[in-house]
């Protein structure tokens, strides 16, 4: 069905003949509508259903920074994209195969992303003159032939939902709110998912509002039935279950995973967790998650600002608990003075920066990874500290534990970088057996004999003492301190020694980093080096290139300061090093400086993740010998 | 006279035979005593006298962070070093030829710095059992032969001052306070400076306390006469006047020069100056200086904290005046969020960081240059801004003007780095004719026709509009903004474009930097690259090496971001590049990263400036072929 | 645009879409401020609106004046610099309860103590709106929010009390739903010399709907709010038969006619009381025990910061003459080499 | 060291040289605090002293307890984290007028409102000592300092008023030169549940010598200071014949016996007054018109923050059982792949 489909307005008569089911390898679906249309909910519910079907999937929510923008406006459009497949999935997909557009503004702002020849399911009931005007459409795109390149299904979702709920007794407004469940039903049916589980979930979710629960179930069923009943869709689709490692799974966003990782660190070490934080998008969910876990040894403190957030965590760490703070870019800037104190105090502390679009307030709800150099260099004085980064939602869990492992072993603040993409996106998480998690040993010093506050162990870490321990009373502070006693010292050579030892301690962590995993050939023409949330796009781009016979390797760095000790050698084994980053080349700078090698940059700073194709294209160019000196960005 | 001199207690009988006068090329004198002994005053007065004699000189005050430490303690010692010479002087000297020690603690903490065979003038009256004990001396070093390597003059400065003032009617405490003038008189006489000018100055300084004025004049005369009257000093010394460029001079510290530079920028542009600042050592003097200049178009605002300091300056800049803020390391950390805003707003703004010893509170009164990478990278997001650094006290004047020139021409915040060494040290400043200063043109837009808040000129600068201008009402902010209108924009490609244009604007300043001055051969074996206050030591070390026949070149960078466009070429013309820095190698990192060349680091982080010899030694090692890969620090 | 007299509300509206949730209390405040502007006799180009970050802080985008949407909490500091640099401008700060009293608390109290000529409008919805519903420093004890799933344990600030404690010279409170009252209070604020602080109770329909129902609901508000009028006794109630009496230093709600209470027993409002004790007492009033005061708590005269700063500059010039670079350079000890 | 009973002042002295100027008021405070510690029945290892930056903030180095000399202005925030993490510790904050009220103003007011169990001693010398003499937020109008060569134009805070405005539950003031009074006030602070704030007038002999002469000079201090005693009338003067009377809501200094004034006309001090109006009035008193109050302005009971936080955790455990990782991991929607 090409071109605009004829308007259809069918009831719910049941069709008898079974429809053919087409098997697909993977599908990318994007739900878009007004912020008030419940697209995030629809997307979430859909992915849960997909997950239970044994698919791998990855999602990308994209919402405006306005809380609830006026209906129908272009800036008020909220979206949720999911890719699911019969194989491993690493990104939410470059271009949607299917766009579910709940109104004209949503269609307008998202159309250009849709795959050529892709499918558009449009809520035709919302394409009124008024809303077309708000979206800046001179003519109805469903009618004017402008969608010729797509398969368009017009369904009056608003109207059909109202029809289904006409006896529900709900107000018009409430009925309007049910249309996202109609859309969900539609898609579940189209992708051959059963309805019964979902109905149960709806009833659970709206347990306190049974009338609404029933209405949503009705809408869901109506949408589901619509596909079965009408002739609009010639086929349904089925994506085979992925070949996924056995285990129990749940769907987890990166922020949720980060929170769980910290709780795990606390439980495994037996040391309570303290979060001091000030809300900021897109980091706040970590605070929300932890605030709800007070039955663990967890204290959350919503501080008056970011400075108090980190300072309270420093106080807690001095008190002998796992102190941590969470924030994003501008908040990170405010914490840099206190970070310096933490480096001087040599106390364990974890700082999570869920990066967002910068500079300044920038694009708070958009994705970027441009705080790397700030993490490494953004403090006064020689002030080194370890920096690690997570590469996917579920990797956040592991990185949170790794951050505390380093923090307590080396008595140092550790910065963990994630980003808004990872933080809000969900993917299946294979639930680990707590007993299988790495041990996290914490030893507090209690022996007064020979205690010197700044005496160090083999890792150059000083000892951790809990106030309340008799005989170990001592003072710490931000002034330079004596190498052993920790008393204030202005001695020139002592200062040199302390500056050197703080640097050596952090550099020494490299000994503790496992050998770098190289995907692909151990040497050759092209190595891609990435960090953070570009992981999925790079993996898929490399796989495509490899499938086409190119020899391409990939290293994805978790440890950004210090770098793994084998990194320099690895880099030298390839003729070309390609570094894709969602910034202007921050990792590139570090690699150039540390290893004196040139790298090919691929930079994108658009508030959006890399498309697989953008990286793939660059790989192919490099494999085909386009001069590597031409560092460039994408889609300018 | 070697070994401890016999104790002398002579009156003031006048000797008749004239004493021989020895001519010297240069002398380094260090005055040391209790914080309360007035050593800074003595040093200052001495340097004024020296200056008027037509010498070139450089000073280095070094005082404890305590306000007034208990008398006699080691940590309470305050010092002031001056080098003056018959040729150009660039540093306060490596090792004192003469140490004037007012008490045992001062001797103890400074002795190791004195040149082998140097002179020690000790206030023997202060070497009491009590004060020896406080300084941790088991025996009196003046008596136990431990000073065998020095020429020691014991003079009971305390006692002789008391003697001279016995009829003054002053309290014992006040008499005690006059002994620094006795010491001053002594040194003026020894170095053949006339007394009359100094007497006038004392009377002016103490105009409000005439009794004290007369007492200080008496003490001064007594000290002066002591040298003339006794046989203790066999010779007096004279340093020939330096061959200095004709002109009128004054002695100026770097902080004072910075303040004058900003006032000059304001007067030359006709735009008022606004300083929003929060006190912090060693930057506060800039605030003090400007606060006293309200008869210019100067407003100073002592804000509640560093954040309010920079924010008030941003507000003032938006208001169409030259907004600026001054601070040091920890305060800089606090300003980084607002710096991001200033980058987004594209308003002129100057931020002075008078660097001090870090990290954290570190060594507040000590010298270091470890905030360079923070200046360049220490903000969230891609947030580029120009960074320049001054290399001497009087260079601060020029750099202050340069900072505002860039700020208004490119509509950007500019960071000016100086340090505590430069800030507090004095040197002669050749007073310029205001008419000879570079013009500073500022144009405010007043024409509403076609105004777009973010439209750019050839330098990629947007226009500056003063609120109050009819028809140009507009809003600015920290969210990403449309390329032309400045309205909020979440458009992906617009964000990329804005990130790129902000980077291009700052990079483009390189076109505006004069060709780099290379001292020495234009190519060859060794190039020294420095920045900031290491200037003097590098110049003198190079001169020494050159005098010995080595071919060594020197580039001193004022512009650190962007680098001068010819720098890459220059670096490639030398086999070895040596980078001395008072940090762990921050400029080195930048050079490696930008130009992919290896450099030899020479790092010192001891709260003290480089000695000329430390740099000289490294030069000679490199000239003699010690492997350059061995980057190393000094005196570990 | 120059003729202030000819201006209308429309002249203060921008071409930007207003991006608050439908039904948000911020709309009413915007409309009142836009209405007020043309009545002040100030040319449009002499207004500047400075805000921080928050839903409420989007305000400047909608005012066709000079303006800045700055960073979270810092608006008073930025506005102070602007006002000092350009005292002739009319500088307004629009802020939220989080922006002003969480991250921005320090600049807020310092603006109050300095008495700098800023008009500060705090849109207090007792919640962080923009970050989607965490509790704020004005959220009530026990309030369940995303970051306090078991209820808040933070005692809330009274913004009026904080301002008074910091030495504010003008402090008032109004509510988004009472347009006439808001108009009056805003006008008074505009006319004050020095810092004028206005707390505006503002309903956040999404995250804290109904926070002010007790004093805005028509059926009860007469019994729950106390409209302050200078020189008038503290009277309230549908029948205007309730009032506030002092017992020692403690306030007490009484009913006229009961136990012999008459109007003369009631406290009389005095905005100008030098020591501000009454204003402070009023700042502690809250339902259910006492009615919520609306109106001007305090207005006292004091020289403004910018006026005093001008004075310093004038003084300096009088004593030393307008600064001259050559003589500045040549001051102090100089010597000449020939 | 464990037996708290056996401790003496000496046990709280460190081996570090005390680095204040000879004659600095800080010494007296240090001595009093070291004397107080052994009397509190708390093991030495359970004390922690947290400070910011400033002369006064060197305090922890001289206390043989746990301690931290942190960064400028942030001590209340750090101490709050410590107290929340370890409620059983006795956590003291030592700060200066710049540290607490300039850069640290925000943390200061938030500590007050939260009523967290910190003892905050503010050594107010009305100057920045450590940075060598700039004016502070408590410096008097017109004061000439290095940064205000023509005299300050900033109206000073009353720290007591700021604390009250922020909702403090314990607020007191004492002076370095009156050791007995200081001892009493510090003891009261130590015993208070929740945030206890003590302003200590402290003489900086170098940069602001004599700032408190009016109330410390023996020849006049009885006429210039008002010693607060709960439940007692506000009486002062060498002959104890002066007092404070209320006129409307304004305080007035009166002499007993003149114009028929008797003791019963005087205001009676009430630390526990619920609405704090009296405490606020007192915070506005200053020479020469009114005497300077010393003592406890306000002490009211309220649950401490750490207590309430403990309550949340206990509640959560009661409802959900002690947290268990396996069930946490497996909560929500899960599915199993075999």
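Letters A, B, C and D mark the chains as written, and numbering starts fresh at 1 in each.
Rule of thumb we're sticking to: a residue touches a chain if its C-beta (ideal position, glycine included) is under 8 Å from a C-beta of that chain, and two chains touch if they have at least 3 such contacts.
Because the structure is predicted, anything quoted here is derived from the model rather than measured.
Trainee: So if I look at the partners of subunit A and the partners of subunit B, which chains show up in both lists?
Mentor: Touching subunit A and subunit B alike, sorted by label: C, D.
Trainee: Applying the document's contact definition, name the chain pair with more C-beta pairs in contact, B-C or B-D.
Mentor: Of the two interfaces, B-C and B-D, more C-beta pairs touch across B-C.
Trainee: Please work out the Cα centroid separation of subunit A and subunit D, and write it as a whole number of Å.
Mentor: Chain centres of subunit A and subunit D, defined by C-alpha means, are spaced 45 Å apart.
Trainee: What whole-number Å value describes the gap between the mean CA coordinates of subunit C and subunit D?
Mentor: Distance between chain centres: 28 Å.
Trainee: Could you put a whole-Å number on the gap between the CA centroids of subunit B and subunit D?
Mentor: 39
Trainee: What positions in subunit D touch 2 or more of the other chains?
Mentor: Those would be 53, 71, 103, 105-106, 110, 137, 150, 154, 309, 312, 315-316.
Trainee: Could you check subunit B for residues that touch two or more other chains and list them?
Mentor: 65, 75, 294, 304-305, 330, 337, 340-341, 360-361, 477-479
Trainee: Under the touch definition given earlier, write down the residues of subunit B that touch subunit A in their complex.
Mentor: 64-65, 75, 329-330, 332-334, 336-337, 339-341, 343-344, 355, 357-364, 366, 368, 370-371, 373-374, 376-383, 477-480, 490, 492-493, 495-497, 499-500, 502-503, 583-584, 589-590, 592-593, 596-598, 604-608, 633, 635-636
Trainee: Could you pull out which subunit D residues touch subunit C in their complex?
Mentor: 103-106, 109-110, 113-115, 137, 150-151, 153-158, 161-167, 246, 248-251, 267-268, 270, 273-278, 280-281, 284, 302, 305, 308-309, 311-312, 315-316
Trainee: Quick check: in the complex, which residue numbers of subunit D touch subunit B?
Mentor: Checking each residue of subunit D against subunit B gives 17-22, 53, 55, 71-73, 102-103, 105, 128-132, 134-135, 137, 146-150, 154, 206-207.
Trainee: Which positions of subunit A touch subunit D when the two form their complex?
Mentor: Those in contact with subunit D are residues 48, 51-52, 54, 201, 244-251, 260, 263-264, 267, 272, 274, 276, 293-299, 301, 303-305, 307-308, 311-321, 323, 337-338, 340-341, 345, 431-434, 466-479, 487-488.
Trainee: Okay, in this complex, where on subunit A does subunit C touch?
Mentor: The contact residues of subunit A facing subunit C are 65-71, 73, 75-76, 278-281, 284, 287-288, 291-292, 294, 300, 302, 304-306, 330, 360-361.
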